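One structure is given here, and the rest of the page talks about it.
Naming follows writing order (A, B and C), and every chain is counted from residue 1.
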Amino acid sequence: MTSTNPVITLTTDFGLRDGFVGVMKGVIYGICPHAHIVDISHDVGPQDVREGAYVLARQAFYFPENTVHIAVVDPGVGTARRPLAARVGQHFYVAPDNGVLTPVYEKAGQEGWPLHVVQLNKPEYWLKNISYIFHGRDIFSPVGAHLACGVPLEEVGDPIDDPAYLRLPRPEFEGGIWQGEVTHIDHFGNIASNIHREHVGAGQVQAARVGGQRVADWVNAFGDRPPGTLVCLYSSIDFVIVSEVNGDAAARLGVKVGDAFEVEIA
Amino acid sequence: MTSTNPVITLTTDFGLRDGFVGVMKGVIYGICPHAHIVDISHDVGPQDVREGAYVLARQAFYFPENTVHIAVVDPGVGTARRPLAARVGQHFYVAPDNGVLTPVYEKAGQEGWPLHVVQLNKPEYWLKNISYIFHGRDIFSPVGAHLACGVPLEEVGDPIDDPAYLRLPRPEFEGGIWQGEVTHIDHFGNIASNIHREHVGAGQVQAARVGGQRVADWVNAFGDRPPGTLVCLYSSIDFVIVSEVNGDAAARLGVKVGDAFEVEIA
Amino acid sequence: MTSTNPVITLTTDFGLRDGFVGVMKGVIYGICPHAHIVDISHDVGPQDVREGAYVLARQAFYFPENTVHIAVVDPGVGTARRPLAARVGQHFYVAPDNGVLTPVYEKAGQEGWPLHVVQLNKPEYWLKNISYIFHGRDIFSPVGAHLACGVPLEEVGDPIDDPAYLRLPRPEFEGGIWQGEVTHIDHFGNIASNIHREHVGAGQVQAARVGGQRVADWVNAFGDRPPGTLVCLYSSIDFVIVSEVNGDAAARLGVKVGDAFEVEIA
């Protein structure tokens, strides 16, 4: 890696109140002083590995080549679950082996990228004293910093070929309807599904159904309709979403992650 | 621009939970790897352009020369509203043309700074694929990064002379009283008005009136009175505020942004 | 200081909404453009000097040599309380003289580090215009930036030998029981005491008692027990804590900071 300012990202369920994120950055700068560190999110629900997987994968591929993505949603910290690092596409990943990288592995499958995964078992790349319950600070941050500063993946651990996967829900097509589910509700209350522009394909979306509502007003952008209108559109990463213009669709419809979300195709 | 570490700031209504801010930083570092990125606030109320305008202008002028301020409170994203960049005083700005830069333009008027505003219409400075609903990631961040790394303002768009302005409330003076309004309630519950030290001028503040309370105890600093005391004083940017020492004045008085705030002058 | 990227940390009670933290960073980069700035926490309770002291000291010692830690929890801002800077161990500190550095001074005592403390009284290292109520922006940030960029401690103020200390609660041992108190409840609801691994020493923890509950299930890590189990263990900085596996122990037990926390030793 020859970039003068390698980028490291952090995705965790730690919140920002206690200094857990700050101390990871202190450890990283002690090893790789010229890195830039970017917070993706620290508001993943506690122990919610699936949410962590989604939030990381929504943003990861927009980062510069050789970015090191550290993801720590880690209910099994200190147990037999393995710590991992991986090279996938043009990025590195450091995370516990609990499936939090599943969408990254799947992306590799779609893109034909080889999957290089190692089990972190070289303590010389960790902090000297390892706690049982904060591998984010003691193992993942130092390994991520070493990778960002040019240590080869092969140095930090031995290859494995059986990383853990989450079972993520897939939409199914039946009778002209894609049957999916709500995978994300964002800060604005936009309701995102797992039904992608590629599922819709050459068809046309007639309506989305979620929370007992059928929303047939397909738009390109929120501002195409007056405030308060329920609309459906593609999200910024091309999934079908339902939104209220200048409002909170999820609150209005009482929808939560995991609820059914259907898309009628013409 | 010759600084080795240009500064880019971000002010948005995106919140920190979804990774929307993180991905903007990923895009920026891909274009301008040695920038420093500073978050001003991501807790602007959803679609609240006026609040975004205020929060940016309170902090913007303290930043180093050539700082690029990116402000994205953008309910009209994807519609005909123009994306802009500007050079005002010693800083650059990148934002939608919805008035979020109004206090910056007004500052230019007060200071006699020329106003250079361009409409962003050179897609070669944007991401390759532009979504309809996330120009913060696809247009504003890449343009800001190019400006920070030395691309001249004139390269990223064509000049315009009719940027949009918000109508911001002005205090009026009548019968010895400045009649203003509450423009900001901060994290501590301090109640800030739009009545500036320059409005008070050579006069003396006798009292502030807000939320049905007349507060006549003028101080320099919170610690000048015991906890629980209601005081009035100048804020750190020289507006008249009402505070409760070690307490939350806004909660105590039931005050919100837009309420009347009056200052008696002797 | 020869590091190419000095590190500055910020710990405050400012929250992230108003831009108070952002403007401190703007001031810092104007003085020391190649610094890296790390947020430790900005969610210290308003005016809660003790909480600020704890959150800083939990993380400070993991940072690289010559890191400058700026801590601003400052109810006395603008009054006679002194602004300070200090060199302790391998780090610098900048803070109001209200005890927020107490655990740092105590660490120095334990480690035998000399304590170099100066009163900030050289306005040439401050912003030109000093507000009464935002020394975080006007004094602490510029001084911290100058220290990070190599100005010697002795240049920014005159030595003092009587910095203010907080009286922090100490656990007491009686009848085989360490009697301490709850000093921190983290984002996950883990309940931390002030009883350290060194208090336990060669003994064995039989049980922890907090919130009317006796928790006798001592583990190394959360994942050693099924979700919902109450366990006791060492925190990542070696204090005895009580946790609910994948749950919120503090909410379950109705515990708050300051409550009694006892540890039975065998």
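The definition used in the following text is that contacts are C-beta pairs under 8 Å (C-beta built on N, C-alpha and C of every residue); 3 or more make two chains touch, one makes a residue touch a chain.
Computed from a predicted structure; not experimentally measured.
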{"item": "Equivalent interface positions on subunit B and subunit C, same or different at half", "value": "different"}
{"item": "Cα superposition angle of subunit A on its copy subunit B, in degrees to the nearest 5", "value": "120"}
{"item": "Rounded Å distance, subunit B centre to subunit C centre (Cα mean)", "value": "31"}
{"item": "Two or more partner chains touched - positions in subunit B", "value": "16"}
{"item": "Interface residues, subunit B side, partner subunit C - complex", "value": "3-5, 7, 9, 11, 16, 36, 38-43, 55-56, 58-59, 62-64, 67, 184, 186-188, 220-224, 233-238, 246, 248"}
{"item": "Footprint of subunit C on subunit A - complex, ascending", "value": "14-23, 25-27, 29-30, 33-34, 37, 46-47, 75-79, 81, 131-134, 137-138"}
